[in-house]
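Okay, got some structures for you below.
One chain, subunit A, links the two complexes that follow: it is found with subunit B in the first and with subunit C in the second.
And then the complex of A and B:
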């Protein structure tokens, strides 16, 4: 089981006890709400609520550190990229122009800076809930909850297989790449030109694909022998019973969803510019 | 009783899972071009799995594999728009599977099949990631001009990987499987 729980961190908090399907619904509602709006005044509270939820799940910082840094680095690069390519886009959206810098090919406006901050906060507000979801839901329970929210069980099972075999494939990838490096093929920076490195990559990929194809045969035979797919429905060993808190969370998130849509339809929540 | 289209056989289920794991794992290898987009050799996995197992496996491996990459290495956000792009790409690469003269496991193919694979895959990559870029503008509110730059970069890089790595890998597999059999089909 330890292999299957690649990201999962075992603990006993509210979010660990909650059913995967309930968490999946919260994640979906959260995503839709974030997609609906373009207002930093909504993203900052959402981000803070997310952070509070994340803290209450007591995930060790050491394990989630990398994801948080990746997100921050991504936001910085994405913002700089947006500022460099479309320095006046914010004025197009907000309808006002406040020039702060002349770049030659275009002007950088204050509106674009606000726009870039809004966009970064939009991405950041999605992060805590996603991290919470993946670190508190066991992969096998993820499959059963996907099935519960209406995903056909064979698709849900494919999901579970993918999660289950990633560590195995990582190990295999490392083995092949070590073997290839021992033969003198380089994959890192400065170990050859781009085309050489791509060629060397193929020399790992081909054995990896070949062994994966064999693996498919083995696994599907084993599953067939155990009668997988005989019936049109399937029960899950890891399925949990819904408790009161699951119902409360689902009802709350559905109310939030309806409120958000109603608010958006009335025309609120478009790009907000303070000045 | 009507059969659901999701009622595929066990091998398909496993192929989706393993294809997704491979695509997800190899997607971490990126040669960056512009932020968030780069040259991803993993696209070749979609070509191989599409050609071997068909459009359904291509579509779902692309989608699940992309979700896995985003969850584990994407900074904690699932880019649903790009998930759809990968899925559509996988679907396009599997279209050639429907042709009766094409079967990788038996090492059978015609020149036309390979051309179809190359073209349908390239078109699917352009359409799929084009839809992703448009969705990014509407869902995330990204600047359209910036999305065009990302779209061109990703489309060109991915099509190059598909044609150079993907199609040649399929050709390699075809040759390998052909060599395994000394029998000829007389018609």
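And then the complex of A and C:
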């Protein structure tokens, strides 16, 4: 996390310049398309296009690697569990059965291996675009975009406010836990049993909640005094103007979406099994 | 006479959850273009009065109102809080909490956004407002990169941009270091002169506010207005002392010297009052009556820091070769502005941070490698805000917490907790829940919870922040009492008054280096060190310099002796 506690990484690439709402539409279309199909021949190109887009945003690997690894590890576990729990599921979907291993409680079929591979490619094809969206969209700009696509502004603003106070809460948590340690409460490994340490963590919650309540009172007073909630609408200082690029991207996304739906309706893109 | 902007007639207010009214029979008129200071001890109702002016009462805090209150001839209850905020711009006390946006520019634009102004129209207005408060170059910064004083200026810009013609400052000096506080008061005066806006300042630190011109001072106590007058009238009277407010130090000194101050002597201006020959004569007699300073015996060292260095990132050093010793039973003040490295230095002592170079010794033994917990048995640390330290619902359990964690028998815990509660004057409350206590009492509970562990040194971070003079004096004499029993204290503070009256030695930290260490009266009259550290000289030093009656150091020392006598009698 950056000093400001935001995931946003400032830079000046096409994706940084794009309006948050446009990006949100691309993300939505991308997700819908991915979930319409079950064909690895679609997912692999999508994944590659996503990777190229991600590279073009020039995000420093050091900052994004945690999220990327998290997604990959989650995906691997998901695949392994699918293989272990429903090793013959792929056969149900494809209608053919090619046993490659007898597991005792069930058999592992080649169809399932292909199915799991397809499934994980499906998730992986969503990864680059999600990372791109999270790291190139400033929280307030995202809030203003959410508002533009129909989310009530009070809900959208709550989102932005959360980002504002996360770092303060982190600092407060550190301060409180330091003071507690000085009084002899252990939080780390080897400083008491697991249940004791857990209890100590819970005890920090009391002052943390107390100060959060106080903070909420201050913020809501400050917001009231400056006219928040006066009208049913509001404008956004950080709202971006829609450029030609944004329109091109949105129109392209919508064409892709319509084409994808039409294709799917004709029966293409169901689970593809090569053998 | 002009029509008053704000007018209270026999106005009273009672919060719904309280059994007594907080404001009683308020009568006050505020005229356009006035600059008014509303002063009073905690609980005097001054913040409640501010809430009535800006509309938080009755729109956010409900209760019973009686009497008349009008804003521009209209009853606020007939308006909405938004309409009121168009006339009254409020700068709240909590500089961080009221910063809403994720960047400086965004925060200033907040009111425009809520007013549905087109983004293109906002930008020039935001730029203009930021320019007035000198914050334009920082318009893209996030709140976490700004100091308290800078955040306050952003809030001021936000309010200025709304073009409200009344500016209401609720305790603007709380949490600001002396230099930022002085800067804030100067900025307010500049805006007052240029825009002729009506300015209302709620504050108990009267001396700092009165350094700039103020038209009228309103003194509140126990929910009533007890006096309204010009600064000269208020300072010539004894009304502030009577109601537990701290007079400017130089005014107290003049009164000790037996000067009969009259409004025509202009006591609100240090320069004018000290030019009077009568005043000079009286002061000279008083200063001559000083007893020679008695040298106290040197204390054997408890903690020694030797050439300690520290940096978070290995590049920029925060602490640059600090050597400081704290003696057994000694009270030391660590002074310095925000960002000077005061908290980092205390973290190095408590073990939260480990030095990159240098040695820290406890009674001769190096403790660099000791953990926070191990050091905690010898060095206690009390945070500024008691609410950040208290984790147990009951007072008894809170004080017993540290001992129970150490695994002491319940019998021993009982004896030690009881004894500590007696020392701290909390024995009568031992069965009470913490939530029933006042801020000052909670502060005592946190001291008790550390004291019970019998540390050799107690570090207090801004011990008197947010407390008025009466509670401050009570609290500090309690601490002095503890120090007399042989415990050492390190006060981390930018409160010069506190250092002057309650510590023997002071160390001034500036950019991670100690630039002055020594006898407190000596250090605090060292104008070079004070200027370099961006602190503020006390008005006592300035008074002795301007009148030339005696050396500032001796003068200050004489004042403290006198002050202690008076406080002792009260």
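Definition applied: the second predicted complex is superposed on the first by the 243 of 275 C-alpha atoms of A that agree within 3 Å, B and C clash if a C-alpha of one lies under 4 Å from a C-alpha of the other, contacts with A are read in each partner's own complex, and residues count from 1 in each chain.
Assume a residue touches a chain if its C-beta (ideal position, glycine included) is under 8 Å from a C-beta of that chain, and two chains touch if they have at least 3 such contacts.
Fair warning: this is a prediction, and the values are worked out from it, not measured in the lab.
K.L.:
Could you look at A:247 and tell me whether it touches subunit B, subunit C, both or neither (first, second, both, neither)?
P.N.:
A:247 sits against neither subunit B nor subunit C.
K.L.:
Examine A:155 and indicate which partner it touches, taking first as subunit B and second as subunit C; both and neither are also allowed.
P.N.:
In the superposition, A:155 contacts subunit B only.
K.L.:
Once the structures are superposed on A, label A:181 by its partner contacts, choosing first (subunit B), second (subunit C), both or neither.
P.N.:
second
K.L.:
In the superposed arrangement, which partner chain does A:163 touch: subunit B (first), subunit C (second), both, or neither?
P.N.:
A:163 contacts both subunit B and subunit C.
K.L.:
Identify the partner contact of A:81: answer first if only subunit B is touched, second if only subunit C is, both if each is, neither if none is.
P.N.:
In the superposition, A:81 touches subunit B alone.
K.L.:
Quick check on the superposed pair: does A:127 touch subunit B, subunit C, both, or neither? Answer first, second, both or neither.
P.N.:
In the superposition, A:127 touches subunit B alone.
K.L.:
Thinking of the overlay built on chain A, is A:229 touched by subunit B (first), by subunit C (second), by both, or by neither?
P.N.:
Both partners.
K.L.:
Let me test your reading of the model: by the given contact rule, A:212 touches which partner, first (subunit B), second (subunit C), both or neither?
P.N.:
In the superposition, A:212 contacts subunit B only.
K.L.:
Of the partners subunit B and subunit C, which touch A:7 in the superposed model: first, second, both, neither?
P.N.:
first
K.L.:
So subunit A touches subunit B in one structure and subunit C in the other; where do those two contact lists coincide?
P.N.:
In the superposed arrangement, which is not itself an observed complex, subunit A uses residues 6, 160-161, 163-164, 206, 215, 219-220, 223-224, 228-229 for both subunit B and subunit C.
K.L.:
Flag every residue of subunit A that touches subunit C in the complex, lowest number first.
P.N.:
Residues in contact with subunit C: 3-6, 138-140, 160-161, 163-164, 167-168, 172, 175-176, 178-186, 191, 203-204, 206-207, 210-211, 214-215, 218-231, 233-239.
K.L.:
Inside the complex, what are the residues of subunit B that reach subunit A?
P.N.:
Listed in rising order, the residues of subunit B that touch subunit A are 1, 4, 6-18, 20-22, 24-26, 29, 31, 34-36, 41, 44-45, 48, 52, 60, 64-65, 68, 71-78, 80, 139-143, 145-146, 149, 164-165, 169, 172-173.
K.L.:
Note which residues of subunit A are touching subunit B in the complex, please.
P.N.:
Listed in rising order, the residues are 6-7, 31, 35, 38, 64, 67-68, 70-71, 73-74, 77-78, 80-82, 85-86, 89, 115, 118-119, 122-123, 126-128, 130-131, 134, 152, 154-155, 157-166, 169-170, 173, 194, 198, 201-202, 205-206, 208-209, 212-213, 215-217, 219-220, 223-224, 228-229, 232, 271.
K.L.:
Can you name the residues of subunit C that touch subunit A in the complex?
P.N.:
Contact set of subunit C toward subunit A: 54-56, 59-60, 81-82, 85, 90, 92, 94, 96-103, 105-106, 109-119, 122-123, 126, 142-145, 158, 162, 347, 350-352, 371-373, 375-377, 379-381, 383, 385, 387-393, 401-402, 405-406, 449-450, 453.
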